[in-house]
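As written, the chain order gives the labels A, B and C, with residue 1 at the start of each chain.
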Amino acid sequence: MTTTLRKSSLARADAWFGVKMTSVAAISMAVLLIVPSVLTVIYSLHDVPASGVSFGEFIGLENYRVIFTSKVFWRSVEVTMIFTGGFVIFSTGIGLAMALLLNQNFIGRGFARGLLIIPWATPWLVIGILWKWYADGSVGGLNALLVGLGITSEYKNFLSDPNWALTLTIVAAVWRQASFAGILLLAGLQSLPGELNEAAELDGANAWQRLRHVIIPWLRPMLVTVTVLNIIYAFLQFDVIFAMTQGGPGDATQVLSILIYRQLFVVTQIGLGSALAVVLGAAALIGGLATVKILYRGASAT
Amino acid sequence: MTDFTTNKTTGGRLDRRTFLRGTAASALGLAAMPALMPGAAHAAFDGTLKMLAWDFQPNTIASLVDGWSGDGNPQVDVAIIPNVGYSPALQTRLRGGDEIDLYYNFAYNTQKFIDEGWAMTLNDMPGVDEMIDDMFESSRPTHVNAAGNVISVPYFSAVHTLHANERFLSEAGIDKMPSTLAEIYDASVALRDAGIVEAPYVAYWIKEFCEEYLHVYLLNEGIEAFDAEGNPVFADDPRTVGVFEWWQKMYREGLAPQSVLTDDPGKLSNEMAQGNAALFVLHHYFLSSIRALEGPESANVVLAPLGGDNHTFQMGEVLQLGNTGDEERRLAAWELAKFYGWKDAEGNFTVFEKWADAAGLAAPYAGFFTDEAVIAAFPDYYDLGQLSDIFETGSKVVPARTLPWYPDFQARVGDIVHALLLDQATPQETVDALAKAARDAADGGPKL
Amino acid sequence: MMATLRKFLPRHAGGRRRRPLQTVVIYLCVLVFAVWILLPVWYLVVSSLITPQQLGSRSFSFLPSGMTLANFRSVLTGDTGGAGIGSTDIGSRLLPAIGQSFLVSSILVVLNLVIAGAAAYALSRYPFAGSRKFELAVIATRVVPAIAIIGPFFVAFRVIGALNTPWALVISYNVFTLPLAIMILKNYFDQLPREIEEAAKIDGAGRIQTFTIIILPIAKPGLVAAGVLIFLEAWSEFFYALVLTNQLTVPPLLAGFQSVQQFNWNALAAATVISMIPPVLLVMIFQRNVVGSLTAGVGK
């Protein structure tokens, strides 16, 4: 940063070059994101007619009042938080486990690394459709497997059971995202200097200690990035849940993005739907920033 | 012919009572028809019409429309998008100012689309009176709103019927087809207790579809859901709570499998075909689906006749004309709508015959069921006389579904009914919640 | 970077001997891993090879007795062989949809790499007043709920006449992909050694020359990795494709299999299997680059 402040003409020319190189991206993002986002905020302050001919009547924070006094909203917040928590913890945790495993030496490792890519290369919506059938209570493969292994004694209708439906949507979404996290973390592990690990081993550190004191600190920046991305993906997740349960049964899987979808596109209450979108975007932003803060503070403490 | 959209002129206004008067008018309409049938008026517009349809047999849609264009009519650019997400895509496009001349729509959305200026009323269109006269009296309120305005044209129609496995029923010692809700409950218990099927009753109880079943079950017990003004009068009927008690009991006691809250109709049909279920309530054409699966029980499944003076729910999805272009373009789009939702220039049910052949879909016209080509097109396991009777006298549409606030209510029924089925609400609470949802929707204003 | 990486690889991947117990645990874990990934995929593949009747009889058999290619035939040619209700009519549309997805995703990749590449390089090497803030803003924009801003896009594309062209998607997909691409490439460039550039500068190379002649060749693995990421994000998108264009891409086409009037999981499974081939192949081809370069890409 300090270099940019140097008053030499070369530095100024460098900075100018930097501005020029960044400008296309900056303008693109301003046009594509800031304009519609500002529109969304404006919509959220109006009682927007569905016809789309005008902003409608300015009603201040009325839409937000409706949202924050609605039981439906708070229930949806609860579901969103559970989904996000489960999604982030398991995507990151399973991703890390897979990365550690695929960094070991074993026969067929190349093939196993190839497998890791399949879930990542599958569209979210397709993941939802696939898992809906896979987890089906009578023709699904998951039940056949669980019963076959003796884990459960009878077929279970996961998606119709409000206690299980959310879990299953998390599992399905994690199936893809864990692979994504795994790929990133595996990449991080591969850059771990072998000497570091070997030195720790010579010092008599066992596998757990090495994981805690060598591998995790090395991966921390990558883990932060992966976690932040996972939080954003979790808050904004729509396709998987839409394909699997459309928010049901009841309100068991009605995350905020499903609620936004309903307000904007089914009952076309654009103002209220936009206000919900603002709330969700703010939540994702705060969640992401808080994660960065917490994880980095953790880093400086150790 | 000056104003298609608002119909403030009394001259173009149609009196709903004329339509509801019945057969005498139909006969007159039929007699007058040949002179008014399409064929002459289409030459004026020479551009390309835009049509939007959802994803059911797109090749058939394209060939039907191409055939129409080939008969000297304008070219049609048909876009096909998935059924899942159709309504959001359509609304976003129309909101954004897209000009679509003719599009598929869900019946419960129609009045809202008129009010938002996305669709036009059809009162003054040539031949519209004849088309409405040609319809079953029972079907008209779907297409003609309370003010007497014609707001849509049929895309297809269906009646909710009980698909029953005859062999299973007789094995369980039931000789009379169940028809009331109580009989269905008893039959389900008998089927289960006889060890024939574990969970005998299936229905498409996903959130989005609960609203149709609300009407199926209310009508089944002779309860009026909404009065002419759209008030939720079902809440005042003492029998209504019983309907929800039944609904909850069917699910809680496992007579309907736990998975019905998320199962797809394709899976439910297969459950019937495989003999994992014995009773299935959904649109009549699912019989085609069950039979075509050729499972061990497929051939034993039949459409149950209606018992006594019960009614069932008649549904139908529709075509609407967009608020596009000038008069010539609108007239051309209307010609296409008539062809697609009624008859071709020769007076044949060309389009409906295709849908009957493809999937057993029906049209809300009496003449449809007696048309020879249609009879030939329907698979022979359909009793067309029976089906026609159900359409004519055994079923009702729900006129309130053409009210502008109805989509709001429709979107909320699923949550409320699922709460009942999942034991999160009592039947009485459910009745109250539904009535409140209807009133809230009618009141307007932002609501979650 | 890749060279340094490879230098480390053999050593900690091979050299030491493991205790037998460790080996057993590792292979058990590999088994669990394979089951976790493969079973849903295997279920999909088996579903695509059996008839609805076989699917309907429980319990599901992971090794079905009879198999058929009828589902594939029906989704590729539209010929259902008389069985099943109606035709799935997908034959004429699946391959074009894959083509459309491929086209949109590929154009987007090229466009994004140019725009994001330039910006990321500048942010890394030629920071300016406010560039750090700009970076944060880039990350922050990724939290905008995309479904909420589709309305303005529709209007804008209608006005400029981009509806129903691949451009509608190419442009709007930048909402998801551009921030991600800038983030990843910026971090990637940060990790590239600066010495070569310094040397080039001393030799009198201009900034643009340095970037195009010196940096781009070394940065290829990172660009490929970012490209794959962008490609998959675009390939996966459903809702914009549904609303903004009539030329269906893969996700909306597959969604079209589910309607009240027809539903056939077996045919859908076959279509899904076919639609998964291109992205999986693509990622497999570039696997080394992807895994290798994201190291640097996100690790900062």
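The criterion applied here is as follows: a contact is a pair of C-beta atoms (placed from the backbone, for glycine too) under 8 Å apart; a residue touches a chain by one contact, two chains touch by 3 or more.
Quick caveat: nothing in here was measured; it's all calculated off a predicted structure.
Engineer: Of all chains present, which has the mean Cα position farthest from that of subunit C?
Structural biologist: When every chain centre is compared against subunit C, the largest gap points to B.
Engineer: Specify the chain pair with the maximum number of C-beta contact pairs.
Structural biologist: After counting contacts between each pair of chains, the winner is A-C.
Engineer: Taking each chain's centre as its mean C-alpha position, how far apart are subunit B and subunit C in Å?
Structural biologist: A distance of 40 Å separates the two centres.
Engineer: Taking the mean of the CA coordinates per chain, how far is subunit A from subunit C in Å?
Structural biologist: The mean C-alpha positions of subunit A and subunit C differ by 16 Å.
Engineer: Considering subunit A alone, which of its residues make contact with at least two other chains?
Structural biologist: Within subunit A, residues 52, 138-139, 261, 264-265 contact more than one other chain.
Engineer: If a residue has to touch 2 or more other chains to count, which residues of subunit C qualify?
Structural biologist: 55-56, 58, 151, 155, 238-239, 255, 258, 265
Engineer: Can you pull out the residues of subunit B that are in contact with at least two other chains?
Structural biologist: Correct list: 88, 92, 95-97, 267, 270-271, 276.
Engineer: Can you check the complex and tell me which residues of subunit B touch subunit A?
Structural biologist: 87-88, 91-92, 94-97, 112, 116-118, 206-208, 257-263, 267, 270-271, 276, 407-408, 411, 414-415, 418-419, 421-422, 424, 445-448
Engineer: With touch defined as at the start, can you tell me which subunit A residues reach subunit C in the complex?
Structural biologist: 1, 3-5, 14-22, 24-26, 28-29, 32-37, 39-40, 52, 94, 97-98, 101-106, 108, 112-126, 129-131, 133-134, 138-145, 147-148, 155, 175, 179, 183-184, 186-188, 190-194, 197-198, 221-222, 225-226, 228, 232, 235-236, 238-239, 243, 257, 260-261, 264-265, 270, 273-274, 277, 280-281, 284-285, 288
Engineer: Quick check on the complex: what are the subunit C residues that touch subunit B?
Structural biologist: Residues 52-53, 55-58, 78, 83-87, 89, 92-93, 150-151, 154-155, 158, 163-164, 238-239, 242-243, 246, 248, 252-253, 255-265 of subunit C touch subunit B in their complex.
Engineer: Please output the residues of subunit A touching subunit B within their complex, sorted ascending.
Structural biologist: Per the stated touch rule, the residues are 47, 49-53, 62-63, 66-67, 70, 72-73, 132, 136-139, 157, 159-162, 165, 244-251, 254, 259, 261-269, 271-272.
Engineer: Would you mind writing out the residues of subunit C in touch with subunit A in their complex?
Structural biologist: These residues of subunit C touch subunit A: 5, 8-9, 11-14, 23, 26-27, 29-30, 33-34, 36-44, 46-47, 55-56, 58-62, 115-116, 118-119, 121-123, 125-129, 131-132, 134, 137-149, 151-153, 155, 171-172, 174-175, 178-179, 182, 207, 232, 235-239, 250-251, 254-255, 258, 265, 268-269, 272, 275-276, 279-280, 282-284, 287, 290-300.
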